[in-house]
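Provided herewith is a single structure, encoded as structure tokens, for subsequent inquiry.
The first chain written gets the first letter, and so on, giving A, B, C, D, E and F; residue counts start at 1 in each chain.
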Amino acid sequence: MNIDSMIDDIMDSYEKQGGINRSGAENFPNRQNVVSVLQDLQSLIFPGFKYEENIGTGNLRYITGLHVNRIISILTTEIQKALVFVVSNKDGGEANSTEDEKKEIQNSHCYPLAEKVVCALIKEIPEIRRLVQLDVAAAVRGDPAAMNKEEVILSYPGLEAIVVHRIAYFLYKNGVPIIPRIMSEHVHGKTGIDIHPGAKIGESFFIDHGTGIVIGETTVIGNNVKIYQGVTLGALSVKKELQNAKRHPTVEDDVTIYAGATILGGETVIGKGSTIGGNTWVTKSVPAGTVFTK
Amino acid sequence: MNIDSMIDDIMDSYEKQGGINRSGAENFPNRQNVVSVLQDLQSLIFPGFKYEENIGTGNLRYITGLHVNRIISILTTEIQKALVFVVSNKDGGEANSTEDEKKEIQNSHCYPLAEKVVCALIKEIPEIRRLVQLDVAAAVRGDPAAMNKEEVILSYPGLEAIVVHRIAYFLYKNGVPIIPRIMSEHVHGKTGIDIHPGAKIGESFFIDHGTGIVIGETTVIGNNVKIYQGVTLGALSVKKELQNAKRHPTVEDDVTIYAGATILGGETVIGKGSTIGGNTWVTKSVPAGTVFTK
Amino acid sequence: MNIDSMIDDIMDSYEKQGGINRSGAENFPNRQNVVSVLQDLQSLIFPGFKYEENIGTGNLRYITGLHVNRIISILTTEIQKALVFVVSNKDGGEANSTEDEKKEIQNSHCYPLAEKVVCALIKEIPEIRRLVQLDVAAAVRGDPAAMNKEEVILSYPGLEAIVVHRIAYFLYKNGVPIIPRIMSEHVHGKTGIDIHPGAKIGESFFIDHGTGIVIGETTVIGNNVKIYQGVTLGALSVKKELQNAKRHPTVEDDVTIYAGATILGGETVIGKGSTIGGNTWVTKSVPAGTVFTK
Amino acid sequence: MNIDSMIDDIMDSYEKQGGINRSGAENFPNRQNVVSVLQDLQSLIFPGFKYEENIGTGNLRYITGLHVNRIISILTTEIQKALVFVVSNKDGGEANSTEDEKKEIQNSHCYPLAEKVVCALIKEIPEIRRLVQLDVAAAVRGDPAAMNKEEVILSYPGLEAIVVHRIAYFLYKNGVPIIPRIMSEHVHGKTGIDIHPGAKIGESFFIDHGTGIVIGETTVIGNNVKIYQGVTLGALSVKKELQNAKRHPTVEDDVTIYAGATILGGETVIGKGSTIGGNTWVTKSVPAGTVFTK
Amino acid sequence: MNIDSMIDDIMDSYEKQGGINRSGAENFPNRQNVVSVLQDLQSLIFPGFKYEENIGTGNLRYITGLHVNRIISILTTEIQKALVFVVSNKDGGEANSTEDEKKEIQNSHCYPLAEKVVCALIKEIPEIRRLVQLDVAAAVRGDPAAMNKEEVILSYPGLEAIVVHRIAYFLYKNGVPIIPRIMSEHVHGKTGIDIHPGAKIGESFFIDHGTGIVIGETTVIGNNVKIYQGVTLGALSVKKELQNAKRHPTVEDDVTIYAGATILGGETVIGKGSTIGGNTWVTKSVPAGTVFTK
Amino acid sequence: MNIDSMIDDIMDSYEKQGGINRSGAENFPNRQNVVSVLQDLQSLIFPGFKYEENIGTGNLRYITGLHVNRIISILTTEIQKALVFVVSNKDGGEANSTEDEKKEIQNSHCYPLAEKVVCALIKEIPEIRRLVQLDVAAAVRGDPAAMNKEEVILSYPGLEAIVVHRIAYFLYKNGVPIIPRIMSEHVHGKTGIDIHPGAKIGESFFIDHGTGIVIGETTVIGNNVKIYQGVTLGALSVKKELQNAKRHPTVEDDVTIYAGATILGGETVIGKGSTIGGNTWVTKSVPAGTVFTK
């Protein structure tokens, strides 16, 4: 085996097929860092539940402080890298400035922006905890098999997907690129539940079983909604030019959607209090209070 | 950034939104410990297959002994914590006893109980191995793509889900709370197959592909049953008061259920030898020998 | 608790229920090694993207060299073990030769074979990178929510499934047993996308969301095909004797298959440019240019 | 090789030669825990110097808090075990009490004692820091090769030995058995400097090079003392019955002892301001202001 | 910086200055493996004392079994490599045999030899434990500061040096090259006590403080001997041609040698019951019962 | 226990006793990084000997490349931090410049300086290897107990001390502050041999046993010198104002210094070919060819 020539060929391919490799990868968000910050955030939300930490009254404040510090130091850097990347790839930039000046400007603009959003996220933690507590209560109410809140927190993948979504959504709506998607795809891999960070979801949301659920970017979901495994809230068309249009459905308060139902279209509204049966196919709005079956 | 005030707010939220955080988390079952015990149990069932261990005739007994010891020491503690948690959260307790006495009593009752069930589980290993061997053979028979038993053991997610279920079911039916559910949701995350630990499943069970399968708590499945990806064996109603009722179907011996079929209801019985077609919707019983399609 | 007698029972079960345990496991492919090689291969394909590596112009060649060396040393051994295992389990072998001679012969035949295929795989990397680059571009074109190539590489599970498939398929078609399946089931666990290593897939393939997709061993897929979550490309019959027949469909160029569609049968052909609607059930060929809905 | 019979012989030896093995080792202080607490203590004394920690103004308090919590939780347990061990091995105990009662009493007495001493140690940290700061300044003054305080803190083994001694001495004089000795022997291994935890050492102590230094249990050292490598402050007799007598010398303020000097005996006093030459042998007192050479 | 040319220069130096680099290093004993086996051996000698292991009556046998298995598998390989290395570097070898044949023969001769000596070492453990127990008792008797056996085992570097020596000496006298020296230099680094593996040491040996002690290859030490820090038992001449001569002293039973004494020469005998004073220089024999001072 | 008030006291002590703590520790050289670079450097000098690396002809260049890259990236940063630290602590600086400008200037001056010296160090590796090879040969010649070069490389602490010294000396004479001392004190801890990085040492240097050796900053040693354990090459006076004077002895070619000898003074010269006896005390020059004993 001539190893050197095999390596030459690969190096060559990096030159020619440059589009998918990045030397200088330190300027690009790092997946592992984002995932590790997600763990810190979940530890703040459920102290003592998710990751092995010997928490007592004596050290709760100090463990909290360390999570907060770690989030600030790691997430700020990753968000800054994501912002710089997006700014750099846009046309234009400031005319007449050299490459170095441009980079400098981007860096100096992006860092305070990143710092501000991370700070806002940490301030949002108590509100996210309030929402998540309602989600936990909804799971206990909604699932006959649920014994108590603790079992839900410890074992329900649906809850983990919602918690991560509430974090990713906060970053998404504050203009952070790429990072929220890395978060949502990470929990998609763990749970089979694919919620785009852009989806707007109300209080007391309950997902049961969850595998195969897809919730699109422009979906709007009200309060007290329950959905089961394999439900799709999707688009009718996937044309690239619709990128900024509302392409996914609206689900009003108190709706239940059973397993395998497919609801498509940006103008499709599932009216308040409706029930959508399993394996149904819905591409038009459904009035409030409907029980929709095949 | 005023970090201290942000931390104050989070600490405050722990005070007020107490329901989902636990200081004193050392008294609550630990997910990582439960998952690590699952690895020990799988190593006992398939020595040398699952986790890197240099097993030879000289050390098999010693490696076996260490797994057994680790299971005893870790799982007993976790089960005890789960029992204490459930007992403590129930109303009543022994009247006139102080908090400390109550705690003492619970602890002293719960530990021997936990020890007894762990001991029983280890004694059950040979029986679980017998069942799993039949499951492996069913996979080789049932999948044209399966080359041999070893490939099934090394790579089929369906088999992993079944093995974990057989362990979790043993604990469930012996009255262990929370732990079995942590086990089944762990393997749900890895495989997309969601089998409630309460489901009763016969011999020679085969799951192909598996992603999206949901099998509810009161399901009963006979021998030689095959099911494919996306099959739901669910409830018709999810009212909380049905918590103790049989809500999920019965599947008799020699039944095959193809991908995406949904079978609902506690009184729904799929008769012996039937075949349920893909993407079908079944809410009533089907007589033995039926081929059911849309 | 009499631990020794419990261990005796388990040891006994290893004697009697020998079919699923292997002492001498060092002669069997090791799952963790295969997974770690997959990481090396993905690092070669997307240097700097997937795993934390501080890559710059100064060290790219050296990191590349180490990945290549690690792949050669680990994968060659694992493939050799898989080959020896398969050869040993076949009837026949060379008559009149003793056990030791047989083992020797197998080992000496299998090692050069393994070395040759690993060498070929590394030489194939530039071609795999070319294909993967087209797959990335297809994702950016096909998903309105995709912001840029980098987001796709960092976060799309569909892309990860395709990349691993292109590696596993290369090994499969070069006659490597067991290993490709371990690879595809590993990424199945991570993404919920189950592509058998034998499936033949053209250029510019795009999978969106992906959870629940099943693509069978003898499937043939053309160029520019898009498929969504929950799609099955499966067999009409799962009789063991069909092991070597074409049992799964053919999908021609420029076809889109929406979520939950089930397409079955080895003679079923989805004609060029067709669109298959969501939740449809297709067991017969569809002419080119068809829009197929329920 | 008959492994089982070899193991039998070793097990047998544990039965018969019981004196140096302990099953039930969890009731005995654990060396690794003690060493890890030493690291926490040194991190408190020199934050950011000794162990990799990214310390800034934002997180210093939180890192401090965690070290304090870890010291409390680990060291309290280890000291309790040491106390229980020593109490259990003494004759007597409370007459008429059963084994279990005795154990209970010991445990309940020992835990509060351990907690109290750990609490006192943490309160002593600021005083220890004050002393260590003087020791650092003494090193900078005393060694022409020392560039600055930071170099001394980062690299001088003599300083590390003194810091650990100041901690071990505090525990020793507060009645903690075994643990202080584990600490001093740990730093003896790292530096070649062997200071018994019982030695009483004044302010501004400087050790240069240090290898081979031995300072005995009942040594008393004043302020501003400098000693070099290979110096022994030892006993004239090592009779066991002298266990509680002052067996080691007294060194008054402002004394310098050059390399290889041996000073022996509990009544030997090196008078204030004296200089003891290298390789000398001193078994009688030396008046203040003496320059003692061979 | 032109990194490639700097690497070229280093590669070049490997070509030209070949004597101290080894590609193909896998054929050479590995220091880390030898050190890890030393830990297994010490765990066998002091179960539960040295390394964190949760030992109870239930698992002692299994932990013992695993240590034994690990010693067999690792140490046999390392000894074989050492034997092959030494055989290969000797002149001659079997005439007329090719390189490959030679290597084969060496390997096949060396492996059974290595296996035999490892087996013998494990059988020797009970005897080594008997000796070590006497050494522990000697330390308790000999050091007024020693509180009990446990403190000695947990913290005395002198004891660790003796234990490792008793292991290394067994291998040395059974003809194992290089490995015993790696062991003794490892403990030399930890304790400052340098005992050549060839030194023959009697029962109830006590080393106090220990730093700087040197005991040469052909030293012979009787029973009940005590030595202090900085003692040298060395050679009068270090001519290479004396390699196989007795170059180091003989110390008879019941001798005490105080700190810093230097005793040189192969014919120098320290007679039974003598005491050698600190910092003395001895190059001639001393009759039994002498108190030798400057 | 009031933990918060204990932490307050420690925080307070950081305010008041600021001299030995550094928040902002990231601007200070990190001991662990320096030690890890030492391992990379030793791997370059003895590839395959020191740390577990599976080196073969195929990957030697790539492993070499990675070590070189790691040294460049880690050591450059650490040296820059050391330079910035020293510059910042000096009086003066550039008048009229603000704090930020000063910092900027220091950083921009220090980085290229650091880069240059690291580059020079890597270019020096072949020369260091040439010297070390001579040192290894000297050990084999000088120690009757040395079996071969490989045993010396694998186990002699004296050789490790010399190798580290040759690296540290190169950095020292190129003006790197603090780092060389961290290196030499690290190996001092491991071997008991304390060589100041400033000492100038010739070819073919041999240290036997080594514990307790001290070699001062301005020592000059010729070729073919042998020294034994406990030898001091020290200063007659340790007055701080002698910081830049030659304070330590000169040892000419072909000198042997036996164990425990003390040689002091900057004008003391041990003439070519002399032998200095054990435990001697030398403060005046010794003519060439002398055999010096007490």
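Things to note:
Convention: a residue touches a chain if its C-beta (ideal position, glycine included) is under 8 Å from a C-beta of that chain, and two chains touch if they have at least 3 such contacts.
Remember, it's a predicted structure, so these values are computed and weren't measured experimentally.
The minimum number of touch steps linking subunit A to subunit E comes to 2. The greatest centre-to-centre gap from subunit B, using C-alpha centroids, is found for F.
Where the sister copies subunit D and subunit F meet, the same residue numbers recur on both sides for under half of the interface positions.
Each chain gets a centre from the mean of its Cα atoms; the one farthest from the centre of subunit E is A. Centre-to-centre separation of subunit A and subunit F, using mean CA positions: 52 Å.
Mean C-alpha position of subunit B lies 59 Å from that of subunit F.
Averaged Cα coordinates give subunit D a centre that lies 28 Å from the centre of subunit E. Within subunit F, residues 1, 3, 54, 58-59, 61, 65, 69, 72, 192, 211-212, 230, 260, 279 each touch two or more of the remaining chains. Put simply, subunit A touches subunit D in their complex at residues 54, 58-59, 61-63, 65-66, 69, 72-73. By the touch rule above, subunit C contacts subunit B in their complex via residues 1, 3, 6-7, 9-14, 17, 19-26, 28-32, 85-86, 89, 177-178, 181-182, 184-185, 188-189, 192, 194, 196, 198, 211-212, 214, 216-217, 230, 232, 234-235, 238-243, 247, 260, 262, 264, 279, 281. Residues 44-57, 60-61, 64-65, 68-69, 72, 115, 119, 122-123, 125-126, 129-130, 132-133, 136-137, 141-145, 147-151, 153-157, 190-192, 208-209, 211-212, 229-230, 259-260, 278-279, 294 of subunit A are the ones touching subunit B in the complex.
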